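All chains are identified by letter, namely A, B, C and D, in their written order; residue positions are counted from 1 within each chain.
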Amino acid sequence: MDYVIEMLNIRKEFPGIVANDNITIQLKKGEIHALLGENGAGKSTLMNVLFGLYQPEKGEIRVKGEPVKITNPNIANDLGIGMVHQHFMLVEPFTVTQNIILGKEPKTKIGSINLKKAEREIQELSDRYGLKVDPTAKIRDISVGMQQRVEILKTLYRGAEVLIFDEPTAVLTPQEITELLEIMRSLVREGKSIILITHKLKEIMEVSDRCTVIRKGKGIGTVNIADTNVDELASLMVGREVSFKTDKKPAEPKEAVLKINDLYVKDARKVNIVKGLDLEVRAGEIVGIAGIDGNGQSELIEAITGLAKANGGQILLNNKDITNKSPRKVTESGVGHIPQDRHKYGLVLDYSIGENIVLQTYYQKPYSKNTILKPKEIFNKAEELIELYDVRTPSVYTLARALSGGNQQKAIIAREIDRSPDLLIAAQPTRGLDVGAIEFIHKKLIEERDKGKAVLLISFELDEILDVSDRIAVMFDGKIVANVKPEETDENELGLLMAGSTTTKAGESK
Amino acid sequence: MTSNNKFMTFMIPVFSVFLGLFVGAIIMIISGYNPIEGYAALWRGAFGDAYTIGETIRRTTPLILTGLAIAFAFRTGLFNIGAEGQVIVGWLASVWVGIAIDAPFIIHLPLAILAGAIAGGLWGFVPGLLKAKLGVHEVIVTIMMNYIALHVSNNIIRSVLTDHATKTENIADTASLASDFLSNMTLNSRLHYGILIALFAAVIMWFIIQRTTIGYELKAVGFNKHASKYAGMKVGKNIILSMVIAGGFAGLAGAMEGLGTFGNIHVMSGFTNLGFDGIAVALLGANNPFGVVMAAFLFGTLKEGANEMPTGAGVPTELVDIIIALIIFFVASSYIIRWALLRFKKEGK
Amino acid sequence: ACGGGDNNSANNKNNDSNNSSADNGDEPEFSAAMVTDIGGVDDKSFNQSAWEGLVEWGDQHGFSKGNGIDYAQSNAPEDYVPNVNRLVRENYDLIFGIGFELKDTIQEAAENNEDRFFAIVDDVVEADNAVSITFKEHQGSFLVGVAAALKTKTNKLGFVGGVDSPLINKFEVGFIAGAKSVNPDIEVEVQYAESFGDASKGKMIAADMYNNDIDVIYHASGGTGNGVFNEARDLKNADPDREIWVIGVDRDQHEEGVIGDHNVTLTSMVKRVDVAVKDVSDLALEGKFPGGEQLEFGLEENGISVATTNEEAMTEDIISSVKEWEEKIRNNDIEVPTTREELKTFEESL
Amino acid sequence: MIDLLQSLIPTVLFFSAPLILTALGGVFSERSGVINIGLEGLMVMGAFVGIVFTLTFQDSLGSITPWIAVGVAGIVGGIFAIIHAVASVSFKADQTVSGVAINMLALGVGVYLTKQWYGKGQTDMVDGFFRTDIPILHKIPVIGPIFFEGVYATSYVAIIIAVVAWYVLYKTAFGLRLRAVGEHPMAADTNGISVSKIRYTAVILSGVLGGLGGSVFALTIVSNFSHSTIVGQGFMALAAVIFGKWHPLGAMGAAIFFGFAQSLSISGSSIPFLDGIPQIYLLIAPYVLTILALAGLIGRADAPAANGQPYIKGSR
């Protein structure tokens, strides 16, 4: 057999759950092997076992046919296994080089770190695989895409033969994804082998050779990509048929709910990043904002919701000025906000689900009266919503932290939609979620639209934008540079517009 | 799961206390003392007769309040090392009002108590404000505020409240918490009505934290500032409020000393240690108001009883400090105790 | 639940082990004990001195610790009351409070326990069953001021006080008066550390003073004074020819001044708390307890003295000069000031 | 002016040296992600050991005794700090709380043993470090008399150690790993660095430096040990850590700044323009200045990102 890695009948338990139950995965040399499963299916756990971060209760790991015990990442490294983690393992204030050499530092004769030598080596590696990384840049100053390439370099620097990618594309822009897939192909050409975890079936179809599917901790099987299609993969993963095209009636837009005129917003470094933006969202329509990360989308949302200051222009909600109002005022005047970073903004992870459900309304009746909380009302409401939005949690008293990402997101959506806001802002609402959860969330957004609400959707996933929006506003360099109809455009054209090209029918259809 | 957690929250402190006393006994044996005699003396010192019981409760009173002061701030994610200074200014302010004002009991006493709370609150306000507006680390500001409180208070005692004396005159009877009834009941101990105030304060803290929107906001800010801001809460306001309330509790602790135990304030050459002990109390009490009451009582007992150990058994009082430190270690290391207890329970099954 | 019985038996057992004569059932006919202030019984200062006095008195009458005499140590001001009360409950006949911090405690205890005798050191209480023991520190300070004035080459002296308070002011004022009586042109720099336990402050102040040409420092600052001695010894060590001195307080601090073959302790203003404690105990034992009185121990009562241990530094001239001034004080030829106001008039009269 | 400096600077130096040493300990510990409120206790331990050792051996070892005593105090401090390391690294204790316990424990143990061994609450006086002129350097005109005459060698040892600490933290592999552990322990872990080992080393180092600081303080300034030998110096050192932005040279600067503020409060009355300011303002000046400096001059201080967080493998 020419398997480089074999994980046979792996079992891994956490208190209360079996994360991996008798899973087998075999990686051939020189292949890209996809690992597919719903949120919480146990993919990351399995890979953490392979990388030596967890010890399995049962099962065997073989490297090139030899049984091995991987008890810590050092051993994994020595065996030529490298991992690009779902959440980057980079030290923000350090430079690229410092991050890469960390733990394997080249030394000078007097015992200090030989930084010059390291930088040279990293530059060489970077050039060889076309990674375009600046070895002297600080991590906190570089884009997410480049950070990921630093992670890849880290494994290569350690001489990895097998690379594990855990959801590498969830945080990337379409262009970065294309680049990454190309990098993967070049790695394989150089003789490396890759395990790729992703929820995006299209990517699996595009680059991988084979795919192993796991469902609820159990291995379902391995298929050859050449012999399968997206629909089959999806149903293997979820255990039922999944429809990808969201059903929706044509939009019936009415009066404008959100009107933004000539908006200016500064970013954390105090330079304008939203630069004279105009935007309108009407009742009964979903407007999708397409754009590459870093063109001012986050700041736009923060300005609308009162989390950041606008330093020019005007934001009108139902014709009332809400420019630079406090978040509370904005919320009360009818804005719902599904934030981009659910752990940072969306939830108080150490509060129970019930307490999180009233995060925006706790001070209002019936959840409190004269500042006295009414726990019964709060938890009754929570019971009602987790039922309605299918939030899977042991109880409403469970801490939000203990829920899986998808269910955390559903809880946020339940909270925001339930208040029935006139304008619903959904920022990356499906990031990192499995297809089942994505389907559910899209359905909810469209329901809101059909109830006559205005929906503003921000996403880096062009599929999602094209699929869900009634109108697409393309954002580039702090401005809306084009308004297009989804049925009149395609990914190519959007990609060009997002990159700042002005040759097409930009701006016509407003 | 929840009941299991509650069991642990209760078991860990109990287990830690026993472990601490056990190690204390070993230390006594190694140093050539009889641990039974030592602990008997400790017990006698704390509960030997009505007098010592009264003194034990009296000693517990300010510890409850400083424990609350630290626990409360902790709930908002703030570490209030400044209880020490807040105690001092609270003490000063309450005595000041107790001396300077002439009013009937019904007005004077509440006013003096309030003055203590307000002064403590003010001392908490400064680090709160700096943290909220400028992001200055509250730990270091509160440490600095402790020293400022000490020096300023000494200066005021000497140059404002007295003509160059090291102790103020006694407060008016109308501002005193002292009680002939309690005192007589306990063979003239200094037990005073402050214990009722401390217990009431614990109830107040529980109510604010668990039952009000204020507590909901304070805790939310402690857990996650960003989400709190997103939810329309004023993060800065909550940080300040938390420090003010915490400072208020510590200020009350000072008022207990000023209006109850001493009836005056003296020039201090060092800290009262009530604030630092409060950290231990809050921890042992798991930052829960009722836990704080129990922990304060335990430490009050140990500290009061300690005074009997040198005469009663020849053991230096510092042994009790060592025991308290060990108990804190054990509670702080609850991760491992939790693990051990779980293990034990599993094996037991 | 395990209640009083247990405790009592423990109590008795405890007495048994500590108190051999109790076996025979004969309680000492008279017993005396003291409560220290937070300095503790081994503070090398007046707590220690008081205890030494009590022990000496005990020796003379066949008492020992736990049997006729005892002390209770206070670790914090809040311990004063329970300590005094404990001694009351343990049936001591005479209870000393050492240090002005115990004033209120002794006052109250005296009022509550009219069948016992109390004594306060360094302050005044008013009760028929209590005696107040104070010292004429200003007299001793005056004399060390004289010695300092005779010793200084720079005509600049320093005074380091613990906490700025009426009691310590007596030391300051007496010292200045003594120095200026010898030479009105002498300058005295006064600094308070605002603590009796901050050696680093003491050292910094001393460093500053010695650096500004001051060559004799009188300290009345407890543990803070450790820093003063430390700095003086240090400077002396670096330059053995340099003439710098410290004047100790409360007891003979000769030991603190040793550095190699030299000693920087010029002299000390010795407060004989031991003498006072012993005297009062004797009076009480003899049934002549001077209740309600204020006993002032000064030069005359042997309650104050000036150490002459450092023979090299305290030359015959200085000693005889000090003796002369001492006579003048004894004879009431001069009235040593005790407050800053009195000092002003005193200086004007020079 | 030169006179003034000549009087101020040696004072500043001797006051600051123990703070510098201890603060460096704090820097190591906190840079690795372990908060160390226990610096005060580590100093107490150091002071206790330094004095006891000197008392015991000064007759047999002579004038070199304090140097050995300081070394022994460092070692014992390091051993003592293991308690903090075990609690906060292995047992995942709340580090602040463990530090508070260290403070109580050190004082309790120190005074308990003093009473046990000497039968009283404080030791006798010892001969500690003495002022010297630094060879050669003190001959430099102007600077020599100000900086190198009548100073303590320990002050310069402290400054040299600060520079060494800077080199270790910023130029060596160990330093890179230590800082990585304090910023992002999981990243370090996945790179095969043992988070526990690094944190243990750092905390023990903080014990060694705290022990040095405490013993230097006792042997240069106080000369004996009692419950009031170390009163707040550890907290001042902690302040210096934060004030110095967790940087060894920053911490040193902060410690020197505190020394300066302290000594101004004493020499203030002999400095013309400070004359007449009531003593109380000078007394609280160091503390107020620290707060003002934090609020105004350096604003937000960025603590190491993982400071205070126990690292539990596999959690997120």
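Annotations
Throughout what follows, a residue touches a chain if its C-beta (ideal position, glycine included) is under 8 Å from a C-beta of that chain, and two chains touch if they have at least 3 such contacts.
Predicted, not measured: the structure shown is a model, and the values here were computed from it.
Among the other chains, A has the CA centre that is most remote from the centre of chain C.
Centre-to-centre separation of chain A and chain C, using mean CA positions: 76 Å.
Chain centres here are Cα means. That of chain C falls 35 Å from that of chain D. A straight line joining the Cα centres of chain A and chain B is 46 Å long.
Under the contact definition stated at the top, not a single residue of chain A touches 2 or more other chains.
The multi-chain contact residues of chain B, meaning those touching 2 or more other chains, are 151, 270.
With touch defined as above, residues shared between interfaces to two or more other chains in chain C number as follows: 194, 197-198.
Shown are all chain pairs that touch, namely A-B, A-D, B-C, B-D, C-D.
Put simply, chain C touches chain D in their complex at residues 40-44, 189, 191-192, 194, 197-201, 203-205, 207-208, 211-212, 223, 226-227, 229-230, 233-235, 237-238, 255-256, 259.
Listing the residues of chain B that touch chain A in their complex gives 2, 210-216, 219-220, 223-224, 226-234.
Those residues of chain B lying in contact with chain D across their complex are 27, 31, 79, 81, 126, 130, 134-137, 139-141, 143-145, 147-148, 151-152, 155, 270, 276, 279-280, 283, 316, 318-322, 324-326, 328-329, 331-336.
The touching residues of chain D, when paired with chain B in their complex, are 37, 83, 86-87, 90-94, 96-98, 100-105, 107-109, 111-112, 115-116, 228, 231-232, 235, 238-239, 242-243, 280, 283-284, 286-288, 290-291, 294-295, 299-301, 303, 310. Chain B makes touch with chain C in their complex at residues 37, 40-41, 43-44, 47-49, 51-52, 55, 59, 151, 154, 158, 164-167, 170, 188-190, 257, 261-262, 264, 266-267, 269-270, 272-273, 304, 307-308, 310-313, 317.
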